[in-house]
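Okay, so here's the structure we're looking at.
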Amino acid sequence: MAERIFNVDCKLSYTLLDDTHFLFLVHALDGMDQEVIDESLRITPSLKHEVHTDAALCHRTLRVKAPAGPLTLRYRASVRLRRPPPDTQAFEVAIEALPHDVLSYLMPTRYCESDRLASAAGKLFGDVPAGYARVQAVSDWIREQVEYRTGSTNTTTTACDVFLQRAGVCRDFAHLGVALCRSLNIPARMAVGYARFDSPPPDFHAVFEAFVGRRWELFDPTGMTDPQDLVRIAVGRDAGDVAFATLFGPVRTRLIRPEVEQVRARRARRAAGPAGHS
Amino acid sequence: MAERIFNVDCKLSYTLLDDTHFLFLVHALDGMDQEVIDESLRITPSLKHEVHTDAALCHRTLRVKAPAGPLTLRYRASVRLRRPPPDTQAFEVAIEALPHDVLSYLMPTRYCESDRLASAAGKLFGDVPAGYARVQAVSDWIREQVEYRTGSTNTTTTACDVFLQRAGVCRDFAHLGVALCRSLNIPARMAVGYARFDSPPPDFHAVFEAFVGRRWELFDPTGMTDPQDLVRIAVGRDAGDVAFATLFGPVRTRLIRPEVEQVRARRARRAAGPAGHS
Amino acid sequence: MAERIFNVDCKLSYTLLDDTHFLFLVHALDGMDQEVIDESLRITPSLKHEVHTDAALCHRTLRVKAPAGPLTLRYRASVRLRRPPPDTQAFEVAIEALPHDVLSYLMPTRYCESDRLASAAGKLFGDVPAGYARVQAVSDWIREQVEYRTGSTNTTTTACDVFLQRAGVCRDFAHLGVALCRSLNIPARMAVGYARFDSPPPDFHAVFEAFVGRRWELFDPTGMTDPQDLVRIAVGRDAGDVAFATLFGPVRTRLIRPEVEQVRARRARRAAGPAGHS
Amino acid sequence: MAERIFNVDCKLSYTLLDDTHFLFLVHALDGMDQEVIDESLRITPSLKHEVHTDAALCHRTLRVKAPAGPLTLRYRASVRLRRPPPDTQAFEVAIEALPHDVLSYLMPTRYCESDRLASAAGKLFGDVPAGYARVQAVSDWIREQVEYRTGSTNTTTTACDVFLQRAGVCRDFAHLGVALCRSLNIPARMAVGYARFDSPPPDFHAVFEAFVGRRWELFDPTGMTDPQDLVRIAVGRDAGDVAFATLFGPVRTRLIRPEVEQVRARRARRAAGPAGHS
């Protein structure tokens, strides 16, 4: 399993029209298949804030109450990924053999109404061999059938909407992947983080994970990234769990610029710490 | 074009809990590709009623105001069908060549949200040769993908619901056919009438029509009948236009028994002509 | 009944990316409670076109097939309104007393799912005195409960959506008015036309009509206009029947500028009469 | 705070048409504001099973894999409730003061699309004093506006559906309560358990809880029970989290009979154990 290091540089900037309470998910995940080597967070103006780490899933939620006026947040990190290659032969786990904490990822959620898609999923993917191959078929089908179209959806759009309208953005593609997998009794969830696209501008990215072969495998139905390169921020049942910013107040967004790049071998060694002493 | 004669015997029975205004569509259509040879209508108790004939589409709406108590309606008819065989080579008519009175059958309606299904229809049927073959592909796809399941839908169920849940009854199958055709810019409408099923009980039937090759062609996506044998009652934009009974008041339905059978050659001759003269 | 004259000047401009078939509804209605004194239509480039007049409702549909490139349409008219003042004492017409051609305006349509709103409408307006007052209560409730917000809806938005989200534009306000009236067994339809707003820019306007006291009464739930001043283009079951432009092809809209103004007494006399003879 | 004791006797009976995996939530909650004094579970036929206790919320999930054939489950328990009376003066907690583990109860879920109801909730309850009174107003409004009608909803019905159709069962009433509270930025969740109704038959019950005054307060918008008497089984974000039975396989339900009654003072003392020796 090759280790790789990525540098994240995320800048968010808002104008608050009134006191506003924010929940941010911008910290790179320090756990699962990645490790934060080094990180810094700067909030301008300087404000009291709290960071809560989820006991089970390791993501960190930043809570800030900010007064009217400008608010800028800059987060930088070096993150080491230790992600095994996908096991494309992974089998499907029978329901009774699923770990208990995985069961909740079978249930329908706000944006992933798997209960309503059960028949369609059965018709479309019932004949595909179970396991990794079936999830890959789901991901490929989405890529082929759904058009990536900025502005075609909004924050209330669900997997069923996308199944009907065949258009959306990365979050919608991931929701449909999650919903179809759950419809097939495959536990699935959304993973969000920093990813590099061939075509700018930089943005947060969403993909989905399915539980096959006793572990979570990543899939990007947009085809825009290799999900193996995703620097995770969080995983959750759907976008409601893992929005990068949830805000309670009247706000104008000025800048969303989450950048990431892989550190080339030499620089990586330095960034990684003591290794640079040689 | 072989002429055939069908005998219809329709009995409806209700208990009205209060004064109720009814709109019934039970009269066989006397026009288009069929002709009513003979018919009778009996309402019990005897009540004042009106029959309105649609100027353009020829269907007849029976309006009755009935008092609380039992209401029984019996309609009998002999109907000659002069329906040409389907033209399976029919081409698709370009929008600009569509007759003006056909254009409204391109628009989305309550139960046929063709606007929401446009992308999906394009993905599914865009590569099928245009014309009759494409409509047949729509009908075949519905038959294969949607399960006929009594009780799976209700009077608010739409084509999009059926597209998602992949289950419904004849009215839902027809709605999905109509919606998908309109999504493909093929004018389509619902046709309802008397039909014979292999398996009882008798019931009103709904199929759909598409405008190809400059005429309306019938399709039954349920596969339960040969739509060439449908004794038409009415055509309309969707079920809202052609419900066999629309009622304004509290009513308990006791019997719906619309029966139809084809008259065998010898009897047909008698029925068709100046009976008894021979 | 005071007669008034309005001058309409409507300019539409498009860039067609390919051959496109258009259906336009821009002609002022010549019938019902208004009369076209004078009108002109210019299409640039000069193109063959047809105008179809609806036999029952008098609106005129302009059909044009246009080639790739710019397309400009200018329609000018002088229209005399002979509209009686609203009868605010109008009673509600019992179902059995409704004219047959009015019944279809009780049925749910694509954008006005009155069947789904029946209980809510009953709870909200069941206690209001029947007739004009009840429709006024519906219109007032919409004005109070729904926020006019440009961009909050799109062409698939329905009355139920608006009832939930409490935001929309004039078309959405009208749809909700229509749906709530039908839920209450009051026939209702959409009316579109030219109207003058206090705040620019000029745009086509949509209001709704309810059938009370044996005639259609106009209501504008947006409160942006006096609906008595609407220069009608068309009435229909919902926006699907009365879109000012329906287009089959890839088009970029460049200008929508439908202007209208009431002609002051002196000018009106000139415009209306045998001009220049005085 | 008066202690009270309730005896639960729950019998569930199924016919399995094939091997089926079950998740049951039938165990009375042993934690929060209640304590299980004594309990027994019998599964017939005797089958291997597991019980998982949720670390945070204390509910217990029973997992059973059962073969085709009959399956019967009987659960009996004596449960002591130590529930403080509602604090009807409780204030509303500002977002920034909410405990971190309460924040997730502000988010929309599968059956509680609070994001779509935000404007409507603001219009309806924005003027009611914040805190317990506002939640009470939500509960009262639901009771008044929504009709309890068995069979009017199914497992895919959401709070928005209920808001539109104004009919449902206890689960739907609770979902609407949860959704409206969240729309108002009041954390809310569903609570399910054993409750006694004036009119039989016995059934599992669902109510909702809102977080006001720094604790969770119970509300029953159906008005069928005093929620103070609910013997809790579980709390969750919506019905997806707290279904009493989730089953993966083809099953016919034969009996659902969850009974509960309060133990009168004398018997309660005995049931409570060693205390009776004095």
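Going in written order, the chains are labelled A, B, C and D, and every chain counts its residues from 1.
In this section, a residue touches a chain if its C-beta (ideal position, glycine included) is under 8 Å from a C-beta of that chain, and two chains touch if they have at least 3 such contacts.
Every value quoted in this text rests on a predicted model; they were computed, and no experiment measured them.
A.B. asks: In terms of touching chains, how many steps apart are chain B and chain D, taking the shortest path?
C.D. replies: Graph distance in the chain contact network comes out at 2.
A.B. asks: Could you check if the interface between copies chain C and chain D is built from the same residues on both sides, meaning over half shared, or from different ones?
C.D. replies: Since more than half of the residue numbers are used by both chains, the interface counts as same.
A.B. asks: Can you give the whole-Å distance between the Cα centres of chain A and chain D?
C.D. replies: 32
A.B. asks: Could you work out how far the Cα centre of chain A sits from that of chain B, in whole Å?
C.D. replies: Comparing mean C-alpha positions, chain B is 49 Å from chain A.
A.B. asks: Which residues belonging to chain A are in contact with no fewer than two other chains?
C.D. replies: Within chain A, residues 116 contact more than one other chain.
A.B. asks: Report the topology of the inter-chain touch graph, choosing from line, ring, star, complete and other.
C.D. replies: The chain contacts form a single closed ring, each chain touching exactly two others.
A.B. asks: Can you list the chain C residues touching chain B in their complex?
C.D. replies: Residue positions touching the partner: 21, 23, 50, 52, 61, 63, 65, 94-96, 100, 103-104, 107-110, 112-113, 115-116, 155-156, 185, 240-241, 248.
A.B. asks: Where on chain B is chain A touching in the complex?
C.D. replies: 116-117, 119-120, 123, 145, 147, 160, 163-167
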